[in-house]
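The structure appears right after this line, and notes come after that.
Chains: A, B, C, D, E, F, G and H, in written order; residue numbering restarts at 1 for each.
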Amino acid sequence: MGKAFSKPTVLNDTMTHYCPGCTHGIVHRLVAEAIDELGLQERTVGVAPVGCAVLAYNYFDCDFQEAAHGRAPAMATGIKRVRPDLIVFTYQGDGDLASIGMGEIIHAANRGEKFTTIFINNAIYGMTGGQMAPTTLPGQRATTAPMGRDTDATGMPIKMSNLLGGLVTPAYVTRQAVLKPQQINKTKKAIKQAFQYQVENKCFSFVEVISTCPTNWGLTPVDSLKWAEENLLPYYELGDIKTPE
Amino acid sequence: MAKVLMKGNEAIGEAAIRAGCKNYFAYPITPQSEVAEYLVKRLPEEGGVFLQGESEVAVGYMIFGAAGTGERVMTTSSSPGISLMSEAISYIAAAQCPCVFVNIVRCGPGLGGILPAQGDYFQATKGGGHGDYRLLVLAPDGVQEAVEMTMQAFTLAEKYRGPVMILGDGLIGQMMEPVEFPEDLATEPINNDDWATNGMSTRKSKKRNLVKSLFLDPTDLNNHNLALKAKYDQMGREDIQFEAYNTDTDYQVLITSYGTMSRVCRTAIDSLKEEGIEVAMLRPKTLFPFPEAAIYDAATKDSCKTVISIELSMGQMVEDVERCVKGQRPVEFYGECGGDIPSPEKIIDIIKGII
Amino acid sequence: MQTEIKFAGFGGQGILLSAKLLAYAAMKQGSFVAWVPSYGPEMRGGTAYCTVVISDKLIGSPIIKNPTHLVAMNRPSLETFVDDVKPGGIVFINSSLIPVRSNREDIIELVVPINEIAADAGSVRAANIVALAAFNAKAKLVDPELLKQCVKDEFAAKAKIIPLNMKAFDEGMNFVENN
Amino acid sequence: MAYEHIIDSERCKGCGLCINFCPKKVLEIADAVNEKGHFPVYQARPEDCIHCTICCIVCPDVAICINETQTS
Amino acid sequence: MAKVLMKGNEAIGEAAIRAGCKNYFAYPITPQSEVAEYLVKRLPEEGGVFLQGESEVAVGYMIFGAAGTGERVMTTSSSPGISLMSEAISYIAAAQCPCVFVNIVRCGPGLGGILPAQGDYFQATKGGGHGDYRLLVLAPDGVQEAVEMTMQAFTLAEKYRGPVMILGDGLIGQMMEPVEFPEDLATEPINNDDWATNGMSTRKSKKRNLVKSLFLDPTDLNNHNLALKAKYDQMGREDIQFEAYNTDTDYQVLITSYGTMSRVCRTAIDSLKEEGIEVAMLRPKTLFPFPEAAIYDAATKDSCKTVISIELSMGQMVEDVERCVKGQRPVEFYGECGGDIPSPEKIIDIIKGII
Amino acid sequence: MGKAFSKPTVLNDTMTHYCPGCTHGIVHRLVAEAIDELGLQERTVGVAPVGCAVLAYNYFDCDFQEAAHGRAPAMATGIKRVRPDLIVFTYQGDGDLASIGMGEIIHAANRGEKFTTIFINNAIYGMTGGQMAPTTLPGQRATTAPMGRDTDATGMPIKMSNLLGGLVTPAYVTRQAVLKPQQINKTKKAIKQAFQYQVENKCFSFVEVISTCPTNWGLTPVDSLKWAEENLLPYYELGDIKTPE
Amino acid sequence: MAYEHIIDSERCKGCGLCINFCPKKVLEIADAVNEKGHFPVYQARPEDCIHCTICCIVCPDVAICINETQTS
Amino acid sequence: MQTEIKFAGFGGQGILLSAKLLAYAAMKQGSFVAWVPSYGPEMRGGTAYCTVVISDKLIGSPIIKNPTHLVAMNRPSLETFVDDVKPGGIVFINSSLIPVRSNREDIIELVVPINEIAADAGSVRAANIVALAAFNAKAKLVDPELLKQCVKDEFAAKAKIIPLNMKAFDEGMNFVENN
């Protein structure tokens, strides 16, 4: 039952700056594998967010632009509109996409921009040191919610995939996770599917990935997976939310 | 080519197309919405891209993304909209992507009014956005110059690999004047393979390109800033534009003024001449780089007793004029900023008041 | 030599077009021209105006407080702007809508019932063309044939209404020339 | 068909995710740090490895690969 | 009161509370997130309001809305975040609402870096936003001054009914120094019944209040702009602050520098003095209004041969210095902008190079 | 069956600048009536948008702030947070709220800010002369969509009420119209209910009102009502979308 | 209980919405403009008016009101 | 007189706190002080450091390239910063983690196995307190009793761990005084 396994070629050898056990690294690999397998490296332009993945461009061996905080969908729109032959993806965190970048992602999705968004939902602002995100769970602690998120004052966590799925414009919207091997394999398939829709010029495609932030959650990497499984997944249900007709 | 009578806003749109720009992203705002309304019809004819963005913030980044691929791209907006783009402009300057921003200035601050003004001089020339960057700023005084500067803007943007701004105002956007589109101002795009993110397959090196502005290492960032500064210095050596009006006389007063306001000053100068009073004008056509030496020289001509900066603002360019005049002559100021443009008679009174 | 003409009226009266056609003809004739609209928020229902400047040299200030001539299409326009007109200028009064007169001795009053003339020519909507032709017949700013050609060119895309406008043009011109 | 299980101990950040998921409990944390200051994993019981690639799949740092070797 | 050892960011938060400000809206950004992390704990103890907004654009308008009610309110951010607030700042200045913006500057342009810099001088003093408005800008050189200026800021904001900015930098935000909170800097809020939208029932007149910036009539808008200008002129008469260091000697060189950079200059001046070289410094504490006369006077002292502006930028305040010196002395510049702060030794070398 | 009818006192005598037959005027009156009837005039602060209603403050006899384009919800948040005793409402158009102000309205709604939003959906940018709005119908002409909205290039119209209704945080969200007398009466009730929820400090409340723009639609006022009835209502279905539990 | 139907012809913009909805077809557009240049409505058949307030409800300009008069 | 002490180590070693406590005590003692952290993106896992400046007059530049003393908690810290220390200064070496020495003749080397001492006192987590006490015992920058009080105050909210830290403090001090 043995199998071989090697690094995708779109991923270069640079070691990531991510904390030990941070699942950003897993998703990077999955994106790289999808680009590899679909043979898109030479015409792909990635758009890095402002968030822990701000340096994503250091790890991918393809063209990359670095966006301002939250504006990756607008940049991707600019790229894709003037060069529809390029394959464009954004890679964004939950602070980036669901807080400051809310307007941009909704409008890009609603216009049906033909690019792909990978949305890393770790329910926290990782890079800036653990502030509350729109996706932070009720009661979850953050540096700007030291007693835990108070939903009376800050509302309920936003389910981005459901929100985008609610738009009328056709799209591929799915929520996946990378908390265990089977989920990782499914996420891989979803990401590949998302790029495939782009290759076919079919629709906007959006893959939310439930991830971890051991550092700001104050948990070990392994405990982070468990915490996410037990707390995030019941609220953020996995599965396809919308597929293009 | 025969002249056509066009609104400034439409002429700017047409000029962009003639300059080889096929990509336009914008958000509506008075007094410049006609650029979009014109281009939404013209660009499809040219196989180009027209998109109304959801906000000026988003448009700023659409321009950034598009410019990052090396394609020519333009947006137009007016004062509050430009404020919303200022983060993007800082990013684009930092990441060194050529593109053109047009600001058809209206009265501020805040919502202000929609009539012409020059209250965004500071914002345009000193950087509305954060950090050490400068915009090359072109200030037309009418529709024909708006056309020429729009066309030049793309060439300059590529020469300096950065954003260039046209600073017009509501009058220039709204009025019609006869225009020509000089073919020689349309240049070939520069090869961008060494930096633009247009897909690795398109370039010989097969190396990836990055469009970015983050430099975590202080030495790298300082060097980056020095490199940017070197470009701005080069602009000062190679691309200053100005008009000297009536400077070959023994003028007593030197007016500094630009754009719409300078036309009124020109009329006033002509009238004063008829009365035997000689007044000259130094009109910066590039607001950055600023014609520092030209202003100093004109101000220090023996006959000249006083310099006066006349603006549709509460006093902005006058600070640069003061800086250039180096205390050699008194520098006065007159300005209004409510939307009305002072009449030539008003300017004549002001000038008579200081001689 | 510089001549400035202010056109003023209600929003829907087509004054921007009349003014543009005049500017266009003057440009064709080799003059420097500028067409300056009043744009302001919510002009709806109020008074709209624009100015055409025609000059034999580069135009300085296009903002004109005291125009050479005034074409007033409705009463508020006349009342608002009549005192600004330079002595010796023409004040054109659309008598179909304006029951009063200029009360000035130092200008030339040109009174034309343009709505009626237009209606006679086929449609009130051509009133602005009547006014243009009539005004120019008096002011003699541009060659009438050239101006008429400009009107024709303007409507090139809507061939059907060309005859109406040609007729309106002629009637407007005739009214002035015959009175 | 044989396989070779390779851990790049300089890339490994010692996060333990692979240890957690290895179905055969092959992996353990070493007790010496690497250059970056992390304690990397190693195959404590290589003979038990079934080359299932689970450790590769969960590793955020692509520190493990499995090569096919033709010496079967 | 005993001194406490506090991080600049936390001290600014505490100072706001001591000044009677109970309302804080912000969005996280390095290097100032500790202000929020401090206030989220402290404000509930004071019955105050803490809200993390969804973006800096939104925060700018939360501040506007809150300030419009006449309540004291503050936000803190860093360079790119301030760019995103520039439209709001223009609106608030136009609508004349008192409030405090703190910019803990990082390196730019674009994403740049997160280390200290002074590249936002232009943005702060010339208006990042559109139109004719000015911010009163206070530039502390350490944690104690950050505290004092934060407290003063609320008083000044109310005196001039407008936004006041504290321009710090990453070092001032991140370092700890002993601080005291001078009680006499906490002033009583001014009665706002004549303008604030705090509900008609609260005021005697029972007339409604409007907070707005739209003036459709050109004369009204021009008058409004003149009224704003009158306030800025008043600032120049009444609220300029600066420090003159070693100016009672026969110095050969006058340094102009502010904030963090000025501390290094001070150390360099002390060292040079030991070597027998006298150098003075004029340190603006208000960057707007700018100490124009003080700089002119200090520069034109007989002994002084040269002026040099030393900044953590590529050359921004130096333009104002040039303007003030009026050509009476050569004005040099030295700056770095990558995050490293030049050492006193470096400054000593620079100074020796110009004497 | 006779009844008396008079101008609500919160509405002052100033004539509006709206075009003849523009339904902005009707909604103004309904808002004023609600404030009157609930006795809130003395503690109400309205927030005017940038759009045709930018001068709304000229017509209401209560405190008012004028927002920047799209930012009324952020301003209302600022006001309401520091002065929870005030009654705060925003009055926004579809360009203002659904285009540039998307991020602000979603986040205010999601935080459950205790203010009221009146959303005038006339499927066009009125004030700036008829550009396309996110709510413009497929095929509907606008100055920036001269051939009619092309949904391939710009996506489908956004149903704001449904989008906001999809958030997890409790709220009152309803879509009404003012195209005929019965609808106007219903809209009146909805607006009053929205303010009532605010008085009770219960939730964010949002009333979308399907409106007309005769000027930019190029129709007479009466034809505008018909066009809206026939074209807008089938896409924008009327009724409550969410009520607070 | 009696009612008085009052049209403020200076406020009226002549949009015709009231005419469109009046169940009794009481209203018509006048043929003289008001100060603002609009042709206001008037009650062409006041005797038919049932004071149902529908015209008031649909008027965007609050140009119509109905007063109660005690002279019953 | 101005003294500058650089504290350097891994992220989790508590150096920011040690430095803060020293600054605090110096402040209490009447000195001017500044505590300057290195903050940079993603320092995680790398070397963190901070500097304390103690002076008898207002502190000018708080940015110190050549500190008087260095407290090195791990090997990379020692290697990175040892050459910057001014001649005559103390170089404190945590020999529990650092197998090498300074290789400088012009400084005073203070070698202390702080992890072991802390472990003996009850927990390795108190190693930073051991280092603080030991370093101060040699450098004599502040009154040890005052410094100890500052440590105690710092942990006021976690009374349980005060004894451990007091013990660690004493052991650190004793180690230096007895060697």
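A few points about this structure:
Methods note: a contact is a pair of C-beta atoms (placed from the backbone, for glycine too) under 8 Å apart; a residue touches a chain by one contact, two chains touch by 3 or more.
Everything quoted here is computed from the prediction, not taken from an experiment.
Least step count on the touch graph, chain G to chain H: 3. Top contact pair of chains, counted by C-beta pairs, is B-E. A straight line joining the Cα centres of chain C and chain H is 87 Å long.
One simple way to say how far apart two chains are is to compare their mean CA positions; for chain D and chain G this gives 86 Å. In terms of their C-alpha centroids, the spacing between chain E and chain G amounts to 59 Å. Taking each chain's centre as the mean of its C-alpha atoms, chain B lies 38 Å from chain F. The set of chain H residues that touch two or more partner chains comprises 40-42, 45. Within chain B, residues 30, 51, 54-55, 57, 80, 87, 91, 95, 110-111, 113, 115, 212-214, 216 each touch two or more of the remaining chains. Within chain A, residues 19-20, 54-55, 66, 68, 99-100, 102-103, 107, 134, 153-154 each touch two or more of the remaining chains.
Against chain E, the residues of chain H that register as touching in their complex are 20, 23-24, 27, 32-37, 39-41, 59-63, 65.
Across the interface of their complex, chain B is touched by residues 57, 79-80, 82-84, 86-87, 90-95, 105, 107-113, 115, 117, 119-120, 122-123, 126-133, 212-226, 228-229, 313-316, 319-320, 322-323, 325-328, 336-340 of chain E. Here chain G touches chain F in the complex through residues 1-3, 11, 13-17, 20-21, 36, 38, 50-54, 56-62, 64-68, going by the rule given at the top. By the touch criterion given at the top, residues 1-7, 11, 15-16, 18-26, 29, 180-181, 184-185, 214, 220-222, 225 of chain A touch chain D in their complex.
Residues 50, 54, 66, 68-70, 95, 99-100, 102, 125, 128-129, 131-132, 134, 143-146, 153-154 of chain F touch chain B in their complex.
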